[in-house]
Amino acid sequence: MTIRTGLKKRLKPGWKKEMRQKLNYEDVGFAKIDHHRIKRKGFPETIFGQGKTPDQTAKIAEKIYSNGQDVLITRTNKESFIAVKSILQNAEFHETAKIIAISRKKQTKKTKESICVLSAGTADLPTAEEAAVTAEFLGNTVQRIFDVGVAGIHRLMNNLKKIKKSKVVIVVAGMEGALPSVVGGLIDRPIIAVPTSVGYGSSFKGLAALLTMLNSCAPGIAVVNIDNGYGAAVMAHLILRK
Amino acid sequence: MTIRTGLKKRLKPGWKKEMRQKLNYEDVGFAKIDHHRIKRKGFPETIFGQGKTPDQTAKIAEKIYSNGQDVLITRTNKESFIAVKSILQNAEFHETAKIIAISRKKQTKKTKESICVLSAGTADLPTAEEAAVTAEFLGNTVQRIFDVGVAGIHRLMNNLKKIKKSKVVIVVAGMEGALPSVVGGLIDRPIIAVPTSVGYGSSFKGLAALLTMLNSCAPGIAVVNIDNGYGAAVMAHLILRK
Amino acid sequence: MTIRTGLKKRLKPGWKKEMRQKLNYEDVGFAKIDHHRIKRKGFPETIFGQGKTPDQTAKIAEKIYSNGQDVLITRTNKESFIAVKSILQNAEFHETAKIIAISRKKQTKKTKESICVLSAGTADLPTAEEAAVTAEFLGNTVQRIFDVGVAGIHRLMNNLKKIKKSKVVIVVAGMEGALPSVVGGLIDRPIIAVPTSVGYGSSFKGLAALLTMLNSCAPGIAVVNIDNGYGAAVMAHLILRK
Amino acid sequence: MTIRTGLKKRLKPGWKKEMRQKLNYEDVGFAKIDHHRIKRKGFPETIFGQGKTPDQTAKIAEKIYSNGQDVLITRTNKESFIAVKSILQNAEFHETAKIIAISRKKQTKKTKESICVLSAGTADLPTAEEAAVTAEFLGNTVQRIFDVGVAGIHRLMNNLKKIKKSKVVIVVAGMEGALPSVVGGLIDRPIIAVPTSVGYGSSFKGLAALLTMLNSCAPGIAVVNIDNGYGAAVMAHLILRK
Amino acid sequence: MTIRTGLKKRLKPGWKKEMRQKLNYEDVGFAKIDHHRIKRKGFPETIFGQGKTPDQTAKIAEKIYSNGQDVLITRTNKESFIAVKSILQNAEFHETAKIIAISRKKQTKKTKESICVLSAGTADLPTAEEAAVTAEFLGNTVQRIFDVGVAGIHRLMNNLKKIKKSKVVIVVAGMEGALPSVVGGLIDRPIIAVPTSVGYGSSFKGLAALLTMLNSCAPGIAVVNIDNGYGAAVMAHLILRK
Amino acid sequence: MTIRTGLKKRLKPGWKKEMRQKLNYEDVGFAKIDHHRIKRKGFPETIFGQGKTPDQTAKIAEKIYSNGQDVLITRTNKESFIAVKSILQNAEFHETAKIIAISRKKQTKKTKESICVLSAGTADLPTAEEAAVTAEFLGNTVQRIFDVGVAGIHRLMNNLKKIKKSKVVIVVAGMEGALPSVVGGLIDRPIIAVPTSVGYGSSFKGLAALLTMLNSCAPGIAVVNIDNGYGAAVMAHLILRK
Amino acid sequence: MTIRTGLKKRLKPGWKKEMRQKLNYEDVGFAKIDHHRIKRKGFPETIFGQGKTPDQTAKIAEKIYSNGQDVLITRTNKESFIAVKSILQNAEFHETAKIIAISRKKQTKKTKESICVLSAGTADLPTAEEAAVTAEFLGNTVQRIFDVGVAGIHRLMNNLKKIKKSKVVIVVAGMEGALPSVVGGLIDRPIIAVPTSVGYGSSFKGLAALLTMLNSCAPGIAVVNIDNGYGAAVMAHLILRK
Amino acid sequence: MTIRTGLKKRLKPGWKKEMRQKLNYEDVGFAKIDHHRIKRKGFPETIFGQGKTPDQTAKIAEKIYSNGQDVLITRTNKESFIAVKSILQNAEFHETAKIIAISRKKQTKKTKESICVLSAGTADLPTAEEAAVTAEFLGNTVQRIFDVGVAGIHRLMNNLKKIKKSKVVIVVAGMEGALPSVVGGLIDRPIIAVPTSVGYGSSFKGLAALLTMLNSCAPGIAVVNIDNGYGAAVMAHLILRK
């Protein structure tokens, strides 16, 4: 297996040799950091920030970074960002996406082909941004088209040409989650549907949107967990670099 | 309260007086037939055929008919039709709709305004026809536009003008049930959404479509029970004659 | 399509021409405001206040208002009201309904026909008021009859005559949600049933009431999402102006 | 503990002594018949017929009967009745209730106080009859008032006086299951609510009616399992003989 | 209908005449107080405290009390108690039960027959006390036997004699909710089962206990809503005074 | 790892060497038979008969048997038994358990310690027998105590001494599934609880019993899937031979 | 948009022009055949055979085929095959997959890159074959690796090299559905997870497997509906030809 | 019944006689402390700390301790620890496990055989530690192997030898909960699976993991409630000392 463009540049020179000398994973007491993942999966282990203290977050981030890898922290917050930033000065905070990204060098080379991220409403933005920022962190060119839900379908139609230029489409929608079905009937790209927990009452925290997407009558759609913008981005990344 | 056009003609002359002389309902042993309903609700008591034997169906039908009312039997079958037909010769069977209708005279005067019945797929036809035949039985002009699901949205767009001519729209859809949301974003008519049990797996026998419709981001949509074409038609009828 | 009475008066003179010169929607960065909706749907885009900061709320409100449209903000609070009021002085706060309404001029002409809003219990008031205030904002005459749940059915019976004078009836109920069924058996008007999340234990945040309403044995009832007073009002509005 | 009237007469003379000489239960290979139950609970062990062959049913029936007790078999069918009848000639089949009852002597003395069994629709009859026949078998006077659902509430109102004469009321209803709430608001008797699996779509085989009854806003209502007419009758019996 | 002992004494002299002169209910703006209920149902309208401000609670309490009725407020708290107490000095707060009771005179005469309230664990106490205090307020003699869950069944067995002395048994249990089934197999009294939301994980806030109780293999059990101690007490009260 | 008593005797002499010469599994076209499992897990791969034709069943059975292993087929039927028997003459059919067992020689040596299988009702017998027959097939001594449900708890108490003699207890129960909790409060053995799909209405095909067992307030209980007598037996077997 | 290799060859010469002359879809009475789909989506409209009579199936198949497109019919059976074959002689029946495929000429040129279809158990074969046959019909090279579920993980490990050679992996699994997570941790290809309804009890007809896959801790996995082998194949096809 | 090693040492000398002189349980007002449990079940009554005030916790702890038993408090916090410590100086707080343990003397003799506790992710640690600390408190040797989830299966494989040395294995996992299935396919020890509420969206607070574990295709696995580390430890303890 070779490391593809867009990921190689995330590793400091000489990392490969260094890594072989270590074990596949490193035991830091409360966690076994999977340094081997970047080889197996094509992207580094991501830190799921939710439920971790700023201190814990910073500690794991440092460990991974010092190992020669770039670091992505999802579902995190400003407090954790301050803690991480005090150790790793090049950390950046994407507020809407709730993501901290720590890259060795500015990403200048992006993929020629792009991932399109659509969102149905403004309330779906945090999940849509989680997808977009993750995809960019992994080296992909991302095209954002937000607030094009089915209640005003002309907004979608006006953007159809732009959407078709991308090779993979991530569609983020809450409430009734109908957007992926409509998009799926209009384009011939693989669509990754992301239900969000946006809604109330019988949306049952995203269950309604999830079921809608799983039952789509338009084929060429696959679904990830509710609010899982990160997972959608990784899937899109793997499709693009296939 | 006065009886509106479209219903009056369903009653034999002199019924009003006759009815006043009877009690509000009639006890036929295993049922209390609600002869009073036509006054209270504007349409006669309908026979829910499912689970009734041909014999029971025919017996109740005769009772209601002999009372001066026209009769509608839903969720019924050919066997029951034969039993009813042998007693009430003017009975008609609508096979796809699974409806037996027994009218005193041919409906010649229909409403000027119309109800539009849309269906997403061909498998939704039985429910769509249940709605259409019921609405016609109640004296309404009905416009059928079938198989215009969101997976091929140009089929819907091509029919938009026709749809807008109707005053109420019934939208029947199974699987992900996204059609009402899309229609709801395009027109300014009250929409009655009917989820169907068409689908498999996580459609959970219509639950997915039901939740989709309840969570629609387009306002102006109200929902009836899964596969309840009859209920949608009555609602549309009440709206039209309002 | 022509704009009906009750809506026209919400638009400042000359809006039609101005709007044609603009695009169908306006991109304010985090949202695409659908200025075209008032033409397509017969009512302006409403701001769903929940989850929006006072600042965001005020900003979107200003954008829509400056476009010549009146503004309705639902599921909002006092903090947002203060922010909106500081920009748009004619903003009014309906506390129980949790609605901010901003109208160009006092609504003097209301519809001749009325919408009746019934509520089962006092805890259902916020949803009932959301429906009533929205319906009034859209130019309709509204009749409120609250706290007439089935546990003391004489309260309902005493109000039956008044209810029958309305052309559409919105019935709001939590807990077991039986009120629409009972009302549906007594009147011949289209009924929009609104389940609320009022209750505890096996009410499962409104699920019990929702299922009750969907399974009503009285036809002529259609259901909206749990706590969705706004949606019920829009449906009733579309029915009335049909 | 003494055996109450209505039960004593079900036992052949001398049973008490005989029973003491036996063990508390009898092992017939595939079952331990609980002969002791009539002492502990005030009624004999009932045979749940569903899933048992005619042969098995007849065998257990004979065992219990030969022990000096009367026998009740619920959820059974004609085939099992023929098998039982060939052994125990005084067996009687209640077809709608799906019950076989085998009594030593005709029940002549019934309780002075009565149990009222209400049903909402004709489709609820099997469950309502299961309740009524069981209650009668246990020696109670039963009053049946069927088909008085909330969609035609005048039918209920006309029967109110009769209902109030009973000391306990069993209310059987499917679909939305609203009847117990309405009855509960009108009378001051303990109400046992029985949801039935009658309905379709989002009734989810009785779940909707069950939730409705559990969430009733009228106090004085307790609920048994879906379609459990037998359980309701036993509860009513225990209340009456309290 | 006559008012039974235990309730009569809750009314100030002359109330009957006074009430006839009033309407059946009183409109206090946000609520229609059902003064007629005590006649129809045998107990006064209870105030459901949850979600009401201390001020609202006190206001409704005063209204009902000034009407000549005693007052019961459930699911309330210390703040509301202080507000009520400042107006109605004889108000009493039952902390564990979360109940405020306001009685005209000390209840001296209680029923000869008693209601037994069992609880499975210590965490079920609030619901068990809600049942016990309500039952006492309605004039019943109550016997409390707490913490006798099935995990240590000897505690239940040791209390069996005492339990059998009561005429009705309320069984309160959370977690797996097995206690009513076991009690139901041991005694011949009507049992009202109250599931509580005590538990975690797959207890799903009381759903597990609720289902257990509904499916009990021991007949003579009926179930009320999760945590509904009040409802169980009213049911028991109606059974006792039957 | 060494093969324990009770399993070794199921293998024909010399199997160990033979097996090492083969691959770990064998590809028979539509299945990869896992011959290695007996080494890894201590018992041979079992054939899940449900959904397999008699022919398929016989073919896989022959393959495994000819490999030197004894064969167990669960959830099978008489037709499959005839097909298997025609090839492997020593096949035996356990009708209630729905199991075909094919052993090289009569099991004469059983374990000294025993597994106790309890069942709540007679309808739970098929699952209880599936557990008992499987456990015996694996070489264990099994003690059956059936029909000791909580509705007649004296039947359980009378058997307590016998139960305590076993080292592991499997408790099978449908409906409300309370038996494991009660047993768990009385003995100090590991208990494997098996919910069954026996019941109706809100038992939801075993869900009620499953939740009951998972939420048991008595520790020392672990649960397997609904109707999974086989899985319980394997767990008990592993515990016993630990 | 251009038609990609693998699809072009499915169309008879001159189809493009012919199609432009027709409308976008064709109304055959009960269906609007979407001839335009092949242009929009890159594959022809597929016939969902379930619930269609042999006659209906054959009629739609003929319509599509005569339009110049190849035809795929899923969820069909032998009876429908006979009906189709009598009209279209080159129809082929894939029994396990329950698919009828009608191609103009033998597919000789397949894609260089391949799709790998994994299945966990033998019972998952119908869904796995539905995926594999569909993918092949669309012109893709398919690699089948069946019966490699996690209970015998060495079978998976032995096939890892082969799996890694494919560019997209479809993983089909019922019961607990854990296979995609394990595969997802081992390879860096996009994985499409297909839960199947294989299982019993708390598998709730595939719900357990569905939830497992949606919650996978290994990123790079997206999920389709239960038993939706067809949808997985279309998604994989779109990814491959991206 | 005799008290096994590992428990005896938890009791102060002479306890047996003292206990016989007391009743089986002790009534401290709001609870009946089950002093008899240690004899019946082999371990003392544990205090479930959740929902108890520091004061209540300390009071019950003192009662049990003064009775001669060691004390275990689960789901507790620092505040309660301070309250307990001020009374019982040898109390120890296990922060991650949220457990307070109060032992008469240092546990020096542990069992020769060990229990292995595996966890899938770092977020599962609190539950894994609850299991480990409880097992140690009961006198068992515990081996912890954390963070070995299936997304990086080499971490599990590297620890396989160590795992196989234990006699019972507890596997703790959230999200998709696949770890027990994989472990179950690799070893021949009884496995106790503990789903955790770790996850989001369609994990539904542990439901997804729970269903996965119940449906495991690898036999030899039994499941406890979500987050129930304590229950798993007691089960493992009973298996080990069997």
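By written order: A, B, C, D, E, F, G and H. Residues from 1 in each chain.
Just so it is clear, contacts are C-beta pairs under 8 Å (C-beta built on N, C-alpha and C of every residue); 3 or more make two chains touch, one makes a residue touch a chain.
Quick caveat: nothing in here was measured; it's all calculated off a predicted structure.
Asker: Would you pick out the chains that touch chain D and also touch chain E?
Answerer: Chains touching both chain D and chain E: C, F.
Asker: Under the document's definition of touching, what chains do chain C and chain G have as common neighbours?
Answerer: Both-contact set = A, B.
Asker: Which chain lies the greatest distance away from chain B when centres are computed from Cα atoms alone?
Answerer: H
Asker: For chain E versus chain H, what separation do you get between their C-alpha means, in angstrom?
Answerer: 37
Asker: Just curious, how far off is chain F from chain B if you go by their C-alpha centres, in Å?
Answerer: Centre-to-centre distance between chain B and chain F: 53 Å.
Asker: Using mean C-alpha positions as chain centres, tell me how far chain A is from chain G in Å, no decimals.
Answerer: Centres of chain A and chain G (C-alpha means) sit 27 Å apart.
Asker: When you check chain E against every other chain, which residues touch at least two of them?
Answerer: 40, 151-152, 185-186, 201-203, 207, 210, 214-215, 218, 225
Asker: If each chain is a dot and touching chains are joined, what shape do you get: line, ring, star, complete or other?
Answerer: Graph shape, chains as nodes and touching pairs as edges: none of the named types, so other.
Asker: Return all touching chain pairs.
Answerer: A-B, A-C, A-G, A-H, B-C, B-D, B-G, C-D, C-E, D-E, D-F, E-F, E-H, F-G, F-H, G-H
Asker: Using the touch rule from the top, collect the residues of chain C that touch chain E in their complex.
Answerer: 122-123, 125, 146-148, 151-152, 154-155, 158, 200-203
Asker: Where on chain F does chain G make contact in their complex?
Answerer: 24-25, 30-32, 34, 36-37, 40, 48, 50-51, 195, 197, 205-207, 210, 225-228
Asker: Applying the document's contact rule, which stretches of chain H touch chain G when the two form their complex?
Answerer: Answer in residue numbers: 120-121, 149-153, 175-178, 181-182, 184-186, 199, 201-204, 207-209, 211-218.
Asker: In their complex, what parts of chain E are in touch with chain D?
Answerer: Answer in residue numbers: 1, 40-43, 46, 164, 167-168, 185-190, 192, 210, 214-215, 218-225, 230-232, 234-235, 238-240, 242.
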